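Handing you a structure now.
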Amino acid sequence: MCGVFGIYGVPEAAKLAYLGLYALQHRGQESAGIASSDMGKVYSRVAMGLVADIFSPQDLDSLKGSSALGHTRYSTTGSSTIKNAQPIVVDYSHGTMAMAHNGNLTNARQVRDFLEAHGSIFSSTTDTEVLIHLIATSEGNKLIDCIVDALSQIKGAYSLVILTKKKLIGAVDPNNIRPLSLGKKGNGWVLASETCAFDIIDAEYVRPLEPGEIVVIDKDGLKSYKPFKAQKPAKCIFEYVYFSRPDSYIWGNSVQKARKALGAQLAKEFPVKADYVVPVPDSSNSAATGYSGESKIPYEMGIIRNHYIGRTFIEPSQTIRDFGAKIKYNPVKEILKDKKLVLIDDSIVRGTTGKKLVKMLRTVGAKEVHWRISSPPITNSCFYGVDTPTRKELIAAGNSVEKIREFMGVETLGYLSPEGMVKAVGGKMDEYCMACFDGKYPVDSANIQKCISEEKNEEKC
Amino acid sequence: MCGVFGIYGVPEAAKLAYLGLYALQHRGQESAGIASSDMGKVYSRVAMGLVADIFSPQDLDSLKGSSALGHTRYSTTGSSTIKNAQPIVVDYSHGTMAMAHNGNLTNARQVRDFLEAHGSIFSSTTDTEVLIHLIATSEGNKLIDCIVDALSQIKGAYSLVILTKKKLIGAVDPNNIRPLSLGKKGNGWVLASETCAFDIIDAEYVRPLEPGEIVVIDKDGLKSYKPFKAQKPAKCIFEYVYFSRPDSYIWGNSVQKARKALGAQLAKEFPVKADYVVPVPDSSNSAATGYSGESKIPYEMGIIRNHYIGRTFIEPSQTIRDFGAKIKYNPVKEILKDKKLVLIDDSIVRGTTGKKLVKMLRTVGAKEVHWRISSPPITNSCFYGVDTPTRKELIAAGNSVEKIREFMGVETLGYLSPEGMVKAVGGKMDEYCMACFDGKYPVDSANIQKCISEEKNEEKC
Amino acid sequence: MCGVFGIYGVPEAAKLAYLGLYALQHRGQESAGIASSDMGKVYSRVAMGLVADIFSPQDLDSLKGSSALGHTRYSTTGSSTIKNAQPIVVDYSHGTMAMAHNGNLTNARQVRDFLEAHGSIFSSTTDTEVLIHLIATSEGNKLIDCIVDALSQIKGAYSLVILTKKKLIGAVDPNNIRPLSLGKKGNGWVLASETCAFDIIDAEYVRPLEPGEIVVIDKDGLKSYKPFKAQKPAKCIFEYVYFSRPDSYIWGNSVQKARKALGAQLAKEFPVKADYVVPVPDSSNSAATGYSGESKIPYEMGIIRNHYIGRTFIEPSQTIRDFGAKIKYNPVKEILKDKKLVLIDDSIVRGTTGKKLVKMLRTVGAKEVHWRISSPPITNSCFYGVDTPTRKELIAAGNSVEKIREFMGVETLGYLSPEGMVKAVGGKMDEYCMACFDGKYPVDSANIQKCISEEKNEEKC
Amino acid sequence: MCGVFGIYGVPEAAKLAYLGLYALQHRGQESAGIASSDMGKVYSRVAMGLVADIFSPQDLDSLKGSSALGHTRYSTTGSSTIKNAQPIVVDYSHGTMAMAHNGNLTNARQVRDFLEAHGSIFSSTTDTEVLIHLIATSEGNKLIDCIVDALSQIKGAYSLVILTKKKLIGAVDPNNIRPLSLGKKGNGWVLASETCAFDIIDAEYVRPLEPGEIVVIDKDGLKSYKPFKAQKPAKCIFEYVYFSRPDSYIWGNSVQKARKALGAQLAKEFPVKADYVVPVPDSSNSAATGYSGESKIPYEMGIIRNHYIGRTFIEPSQTIRDFGAKIKYNPVKEILKDKKLVLIDDSIVRGTTGKKLVKMLRTVGAKEVHWRISSPPITNSCFYGVDTPTRKELIAAGNSVEKIREFMGVETLGYLSPEGMVKAVGGKMDEYCMACFDGKYPVDSANIQKCISEEKNEEKC
């Protein structure tokens, strides 16, 4: 997952991009970068690490101009290198172009092979570079034509921001798998993965981009294009469940409100008698308040999370019980001892950390642990930008709920139903991508199935 | 404020110290250090920054031995330098000694002047170095005698851990102003400011040190000394209100339990009709659940906190409303709009961030804000180790509650009563230091009053 | 200027590349990089700084395999950025390719425009990237065909080393403007800009590459190709005068021997009565011994050079006489006072440092300074890889020798004649490029003249 | 060995100290530090590494004031740590004091034991800290009294610079073992180990300090004190032979002149028929010109030295012949092949690098190698500040010249005689310390002999 940000027509654009990225930091902590334009030249700086660590005041001063673009990248296995950090900045026939991308292109391998066969060279292993090549090799006259041409050749999920000397462009894929929102800052415009990036810079939220929409912003204002045939939306429901910040709006809806509703629905589907509702902090706090409100069981911060996790954590070679989980979580014995708990979590991926956490709760004397998950079992890998592991690593891919319950060592285990999840979030089943829960890949499905069968999914096609 | 940690008789002692410090990171983020002993030599490494950032695996490997000591230091104005980082490690007549100190010596200036007049040199501006000199210049034969001799000459607050080649020593001042707890790890012993440092290394909590107690741990086991005349305890009640981690026990009591009781008591003293109880995260989360439980007003995470704050944060020169607060907090519009809120905070110091936060709540449409503080007004500086500003900067030192309410722009403002605070925490009024609330300095009061009147309090005497 | 190195078929190839680059460090100190291949995968690391500073043992261990390539880059104005550091490593249709380049392509701008117009994107501002694109877009079947195809489209100076998973390729331009030598290390092969890189790794010098020669080294051994029509060689004579290390052989000849002969010839052309021959260290030491030997005037280290020059040197704001020169040079008063000196220098570019140096000699009491330059006046910019400034900055471009003598404040000034220079180095006038001295550009002359007239020479065409 | 520098009464004092240290960098590359005073406060910065690398412009700006002191430290085994870096800056009864020290105190261990027994604590393992304690514990009223008191208790070699808020003090030991010179810069004063530090800042050389002299510089000007009984001087003759820069004056004499005379004397004592005189660069260049001048054998730069040696040099695990020497030196085959050489070196310590170098000369075809050393055989360790190894590591301590010749594999080997050395340098035998050559320790001899017999000489007593 990644966070993207763009701004046009506002003084100190790079500093605002810096703040915007800071607000989007939860979407990726591996690397960050900013490109800016002063209408004559494009400047950029990209580095590994956290936004607040890698930009000095001098760095920001050197990123001149009133338009800028930024990117934060999530750490994914095997390719954590500066070469893959974004934005990618290149010179091509129409000048200089910087690109920041959130999502994953499912036919990147095929397009890349095609491009290489026609003479393109690649400096990174990212699918984003494929898109840059498609724009550069397009024979369109105007930038918008080249972009439309390029996007028409790719499949998958993308929320893109592109910066040139004179323009800022935002684009989302026809299925709108990843969010991208439009805002206003004075006379200028802002684009961001989530609206929390608008709040920090006092920008006003205007609206989410629509499926397949491309907005081009320049001195003549904003123009919206919808060049592609209308597609059924396939919004990633996991953005509501886990990824986005609760104070953000995505696709026009409040994440916190959705998350509370998920918790309340969970209480309806899996009620239980207990002393406390305890969230796995911080991602499940909102769902836990929802469960608590519906069930009238008191909400309790029974697990404390340590936020000081650094780049490298050093494990002692001797055995410490449940070590990995201990670095992040500590249960509050005084509260939990002899108590029946409803433990709220957003999801279970491999199940290893969760199992350790449950053991920690037992160690401090929890009498009963009723685990409630505010989403259905994850049974499939994501090919649209979320870094889920391969199928065989997903505990729910090969095990029944009862088996998982037993493995976890909890009294009861309840996963929210798909129907309940959609009901809570709002809208209809068929406007969301729920592939990780149901294996129905809404975009480029045949190709993805081929990838899975060929076990090529390490690189996500 | 600082965090201290010591361990004796456990393999990989430095790695466990590292984990212990990591758990105590909230007590100080300016610098950290570890010293270790392999019974023949003392090793050490001290650096500026976070525990998880400054120790590499090689660093920890080079800190050999089965006993170790660690320190995390809080950033205080004007003296943020490696020279003041701890532990202090020196050679003296009895060999090598490392010391880590939490607290503040009130007569350090006088003792330092005396020592300098008698030929001592000082490499740092910390009061801890004064203590080292007193031990080194003591004419006692045994280490314990030198320590007792040294401690008998100083006044103020201290929770100390000392490491020599062969021994680990813990000591707390006769009034027990700062906490220090004793734990057991296998056949070895552990000392820590808070018990959360025991949990992370699977050590067992034994008991808090008692007022004026000194424990000496070596190959013959643990010996406890109480060389000083019994004093009335004066435990810092602010450790319960704000400083300690909720999952810790201090002085034998659960911080989380105390904090919830503070919130419940606050609800009794200052009830109000409202839609939600909203904490200022994360320090007020527990008190907010207490208020919610007592008042039956639902608890709501209405303010989201960004945890990615780095070393240097770069402010845009243009005006962003309430900028400082925005870096840390963002209110959730969807939840707060048109709502009556009980805003729970642990304390108000200068009032500047709080005022900005309230403005942010208004901006997203909060209808009423009823501010509830889970401690009394802070009217005096701390001279025992908490980094409170000078009196004139304390908003409550010169203003009535009504004035503060008006300044903050809230409908109502309620501070917990001193009696209510003690009732919630447990115990009696006279076993706590509440000097920051009532100006009654339990230790070295005449000297402190002189400091205040001479406006020397920048260096805290 | 840059240094290139390649090695094939030798264990620990990257470590040998590291040593080779270390020996070539004088050819460029801005950045350095190594790529290696273990026959299955290509590894690389590139960074700003000195070879001995930027590679850790772990870095070298991660550069696996028995073939490798390295590059050191000279700092040139305006483009000192990691993006321009080499080797460039890309994926293209035939796999992975790394390239290191010494030289300058004179038609890079035109080719780049053409490539961009046909859809290529550029990540750097180097001409080397142009060459990579030409190889990648070539429709040749075999790598050698693609390389020949690419090289046939470019003009200018290049000594290239290319590494793929299975092959190491070396190539020099048809005029052989820059040197590249072939060596043998056990059963493996080595390529380097200068033979001093062979000495440090105990490799044996075989021969220089010939004009237009391409060598392809793989498991079947070395194959030599000469696909281009024979051209008159145009070897850069400045490599002998200044750039190469005296212990190297280039184009089969000893640099030290050539440099001594330049000094001796200078003594013949411009004899003078004096007490000492004093070199400007270290580049003129060899020429000075030659002058001394011919003239029988004693050689004297009358100027001491400080070698500890770091990345950023901080100038005091107050006036120190001849500050810039003082950082590097200090005259030895005891030796120079009241003496008549023959000052030997390899060349005068802008004349500013030299003027300061002469003033320093006067300050310590030199009675007469007879400046002798072991090359003719530099009157023209280099477009083949040496970082000379633009014509208008060259002191000899607009001034007579007498004017320069007057400006420098020396008793006499003698520049070696072109004929004398060639005689000393050996060979004939027309086998060298002497464009910086005579303005006769042997390659792509019309284009260079156009560049100069359009004053585009900042980017060297 | 170390370099010290002090300046008083000159604007931007820290920047001038920075330049001065840069000129003294050859005296120590392990660490460097500067302290400055603006008459009200003392500022300091100390770090590991080269002067030009460790001070940023901001660092220098923060070192305010018109007086400053600097130190560069040589890397010595076992104690390369920031704790031992200088200047040492402490607070004591009279305020703040910074100290930089070149030399070695022979009774440091005894004084340290005494001080520790009386309650002093030590933060470093340097003898310099002992001196600070002695000053701080002195009961003198004025600073000069305390310094005299302290110096009267120590033995050994010291050239000291001390900075307080208001004063700059320079001091040399009564035997004047290490040099310290006085200079003038405008109305201010300068002190430095060597005069090359005056040249770089345009200061004027006044005179060397005299044996046992202390100079105190403050707003009232310079006062000179000679509180100690006159001692026979014992100037380190090795400063002339090797350590100082040739462009410096020490004890009033030119190093370059001395070094040339050493070479000339060597030619008289050990003439030989040969083709070239070849120095081991750069330390023997001057002696080689002296030998060449006397013998009329041409001087030749037959060995090239690489100056880019970085912090960590990575050795390939496979065998490269004479690897260690290759990193630094490369012989010029073209010059040396089939030639008879006089190889000039300043000294032979262990003999390992020299042996490798000779092998390298043979490999390129040198017909005869006649090794000439411009000092006598080193047979004893230095206890006054030069980092010579223990006796048993010194090749000349246990082997005859003929044995060494054989081990080195040279045709002839000639060491300069002690008499010839003194004659060349000037003055009388008994005004120099030549302990490394003759074992006669002029200061604290009994204690040193005890150290040697107890094999405690690792720490140099």
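Letters A, B, C and D mark the chains in the order given here, with residues in each chain numbered from 1 onward.
Quick note on the criterion: a contact is a pair of C-beta atoms (placed from the backbone, for glycine too) under 8 Å apart; a residue touches a chain by one contact, two chains touch by 3 or more.
All values derive from a computational prediction rather than experimental measurement.
Within the contact network of the assembly, the step distance from chain B to chain C comes to 2.
Common neighbours of chain A and chain C under the contact definition above are absent.
Using the mean of the Cα atoms as each chain's centre, the chain most removed from chain D is A.
Here the CA centre of chain B is 49 Å from the CA centre of chain D.
If you average the CA atoms of chain C and of chain D, the two centres end up 36 Å from each other.
Here the CA centre of chain A is 61 Å from the CA centre of chain D.
Multi-chain contact residues of chain C, defined as those touching 2 or more other chains: none present. Under the contact rule defined at the top, the touching pairs of chains are A-B, A-C, B-D, C-D. The touching residues of chain A, counted against chain B in their complex, run 11-12, 15-16, 18-19, 22-23, 25-26, 29, 50-53, 55-57, 60, 196, 199-202, 245-247, 249, 254, 256-257, 285-286, 289, 292-293, 298-301, 304, 306-314, 316-318, 320-321, 326-327, 330-335.
Listing the residues of chain C that touch chain A in their complex gives 88-93, 116-123, 125, 132-133, 136-138.
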